[in-house]
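Same chain, two partners: chain A is paired with chain B first, then with chain C.
Now for the complex of A and B:
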């Protein structure tokens, strides 16, 4: 235990690491605060969920319509032209409410126009899938349309949420904010893991450290310390960033809303998750997926470090590994399933956090079990990799 | 007791040590050989940093590689290049190494205090090591090797960078330590081990040349070492005929110490061989190449 503490300390007393941590944390806070001008407008969705319940039902829509008409009457009673501040707020709010009403009213209509199998066809054409790859894709889109039908039956998508158009809050939170968190954590984690693992070799104290009783087993402690440091770093950045985010944007009545809410329709297609999950569950799953990825990346960096024993090379090799994995599917012929197998990698996974568990994605990412297969497969690979590197290190000559 | 059994070490195709066999008991062993002879290679194998290409090293009948941590728990080791962390104080560094040696924190603090006194570093125990002189670093290295009260103490050129006063202090410390443990000190400085080593091990051409007491090693040259005084002008001719060990200029003439295995000439003074004589004689080819 003592040893792991000493190893972690090496990372947390590194000025670069601390500086980066603070820099990234403040950057995230700034990023969130600077977009808070929409805060007032966004409150409407939360209010609606509070007042009518988060689910959009016929009853609640009737109630909503009555209230709207009531408000319109009130509006018409205002005849003066020098409006007070409160009256101006009332106008905009009413306008927004009407818009939400129209959107909610239009859900069935819009959803009925979506044909996933046809969307699948156009995807296949767009990415020029052929052969077995095209068959796999077709199958997956058949599954997705079944899922979509199920959704239309159980009305899980009929829940209040911030209007995807124009606010795009899902993308902001899960793509922009999570993307930043992932990228920042990754940089610090890579630095920390390489630093901890190579520390003795970089400082030329390896001859002393690895001839102690602990000996080469010290590397195991270093792996534990790297994982612990990575956990601390990710948790710190996540708590600070998400804490700020939810302090600025009020989700109080929307936690239970569906992540596949029809209102959350941002671009050409609505978000369709493979499972019926709420916003809060999706948030938790996203955090867990990101955390698992970070742990796996840490172990990969650890293994690279054992082989090269130099911080800069470790960092460089890891960057290449990350980029190659990301670009790999683009270099594989689109006629076999190999292209999808290549997509099951951590780089692809963490580059699209807003598409976690979603079917309306593209490539392997849209597959139902993409996330957990990727994590499980890479856990096996990484455990094997760590085991091999530790074994190799145990038998290696240390000069 | 450590037994080195027919150990060879190759770096790729290069043979650094060939078929070394040694039996080591408690006491001080001086590992004496010129640069590049393979001292560090032998020591690294004894410290389990590298594994022999052939043969094995056993401690009390057990292969040290298989003993693993059990062996290293008995080991104190000062490498030739003793590295340190710039931003650590000796205390912090020693505390870390004590943890790696499996020592409890309380014990460590007490022992570290004693050791820093022993190597005369008490006053700078909390100063960052980046400000230390080479000799001070080396003394931290010696303290570090002693942390776990090792049964086997291996020091690779421990006196490098120490001034004469510290060298003397170190020699005293070693003789004190050697009473109940096995100490191996590598050096190419004869005076470091001459007075304290129970036995001296010399390596030549990748093999063990001598492993014997200083006296016995010196006796190999008994009756062959002479001193004489010659004219400056005869020096070159003299150098060609005999193995000159030492030349000293004295009022226009040369005072010469040399080796001759045969009848003595007039005016030669037969002297008792020293370890230095043996060293210079045995490694004359290597040494000449270096000059």
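Now for the complex of A and C:
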């Protein structure tokens, strides 16, 4: 245990890594605070969920309408033209509430117009899928439309949430904020893991370190230390960033809202999750997926370090690996299922955190089982890779 | 000289070269390829590009009232052609679409007409029906050109206002299509990213490499002694220039596939695009952005070398440069390369930024050299 601790210490006593960690964390905080001007307007969704319950039912809508009419009467009573501050707030709030009412009222109408099989067709045309790839895509969209029907039956999408248009809070949290967290953690993790793994060679202590009783088994401790360091780094950034986010934006009555809420409709298509999960569950799943990806990336960096034995190259080779995996599906002919298999990679996964578990995505990412298959497949690959590199290191010429 | 040559050879090891090629290939496919293989990006961009060439060959670098009348006439002639096309086409006549005007007013609810419209627009892609709206759009721009400058002038500060007045009195209005200009801006922005990353990648190990191998004890006790530091610095700068030049040649070689040379001698104030402080031609603007890339490359090379002689290990060396490179890519490059003479950026900002960056990086490396002269290398 001591050894792992001392290995971790190598990363955490590096002033540059600490500085980067603090820099990134403060950047995220700044990013969140600088967008907090819409906080006031966002309160309305929370209020509605608090007052009428998070689910949108006929009863609650009737109640809502009555209250709105009541407010309108109050509005008409104000005949003066020099409005007080409180009155102006009342006006904007009423206006927003009316907008939410209209949006909620329009859900069935808008959802009835969506035909997923047709959307699938246009996706197939857009990405020029043919042959077995087109068939796979068609099947998946048939499944999605079944899921969509199920959703319309059980009304899970009828829940209050921040209006996707114009606020786009889902994209802000899960794309912008999570994207920053992932990218920043990855940079620090790559540096830290390479630092720990190659430390002995860089500092010319390898002839001592690898001839002790522990010997070359020290590499296993280095792997454990890298994973531990990666955990600490990602947890630190995540806690600070998400802590700030939820302190700035109030979600108190919306934790139980559905992630597929119809109000959360940002762009052309609504968010349709393959599973009936709440916002809080989605948040936890996202964190777990990101964490699992970070662990897998750490082990990949560890293996690259062992093979390359040079920190400088390790970092850039990892960057190239990340980017190539991202580009991979683009190089594969769109006529076979191979193009989807190529999409099952960690780079694709972590580049689209707002599309986790969602069916309204594109390419392999829209498949129901995309996330867990990617993680499982890569766990197997990474375990094998780590095993091979550890084996290799046992007999490597380190002089 | 021989030592300099050897130092340059030490920078370009085959591994670094391989990494350089792979990194650039990745960045190319990730960010640059699109702006080359998708230019012009579908229709009506293609028509815009073609009409631009036609306008340049007809009207040259200056479009006066007469030219604009001529452009309008071309439009009207083409409307006649469209009318003839529609009238000679039985299907359209039957569907009650006899003139171009009818065609523009096609009712979306009318399935028969909509299908015909889709047929000639998307299936057959008849050129005139794509060109006409594009010409119409340009004519709208021609008609509102004074009003647009006026709107911008209203919200301007005194210096910008003076510049707008200057443009108005010179008769510089935006009349030519913007596709080429926009495409070049996207292209050069991404090329700047690739070159910045490449320079940092190549140059960072310059001083660190020998130091981490404990070669300094040997090197600094030769007759050349610590002067070697300057030779390594020179080697670094020469390599930077070499890498930037080589990459620019490759990337501009690809850019040549876009076939935009007809646009090169047109002053950039002619394009329907952002306004500028100065009136270079497109080619001069390109040269300016290239100069900017050289400058940025040299500044980042100097910084990389300073960090290289200061940082204790490779991880710290990469770590400290990450914020600088990311900040430059996300915030700096638009101002320092693509919007280098944009009127929205105060006139003094760009020259001041460059002077500041050059001053800081030069002072930094001088400081590092002074430090190196007295540094205790036996640790």
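Operating definition for what follows: the second predicted complex is superposed on the first by the 399 of 399 C-alpha atoms of A that agree within 3 Å, B and C clash if a C-alpha of one lies under 4 Å from a C-alpha of the other, contacts with A are read in each partner's own complex, and residues count from 1 in each chain.
Everything that follows uses one rule, which is that contacts are C-beta pairs under 8 Å (C-beta built on N, C-alpha and C of every residue); 3 or more make two chains touch, one makes a residue touch a chain.
Please read these numbers as outputs of a predicted model, since none were measured by experiment.
Superposition model on chain A: chain B and chain C are shown accommodated side by side without a clash. In the superposition on chain A, A:376 makes contact with neither chain B nor chain C.
The angle formed at chain A by the C-alpha centres of chain B and chain C is 80 degrees to the nearest 10. By the touch criterion defined above, A:326 reaches chain C but does not reach chain B. In the superposed model, A:16 makes contact with chain C only, not with chain B. After overlaying the two complexes on the shared chain, residue contacts for A:217 are found with chain B alone; chain C is out of touch.
When the shared chain is aligned, chain B comes close enough to touch A:6, but chain C does not. After overlaying the two complexes on the shared chain, residue contacts for A:397 are found with chain B alone; chain C is out of touch. When the shared chain is aligned, chain C comes close enough to touch A:311, but chain B does not.
Once both complexes are placed on a shared chain A, the shortest Cα to Cα gap between chain B and chain C comes to 5 Å.
Residues 203 of chain A contact both chain B in one complex and chain C in the other.
Those residues of chain A lying in contact with chain B across their complex are 2-3, 6, 13, 200, 203-215, 217-218, 395, 397-399. For chain B in complex with chain A, the residues that touch the partner chain are 44, 47-51, 68-69, 72-73, 75, 77, 79, 81-87, 96-97, 99-102, 105, 141, 144, 148.
Chain A contributes residues 14-17, 19-20, 23, 187, 191-192, 194-195, 202-203, 310-313, 315-317, 319-320, 323-324, 326-327, 330 to its touches with chain C in the complex.
Contact residues of chain C toward chain A in the complex are 15, 19, 22-23, 26-27, 29-30, 201, 204-205, 212, 311, 313-320, 322-323.
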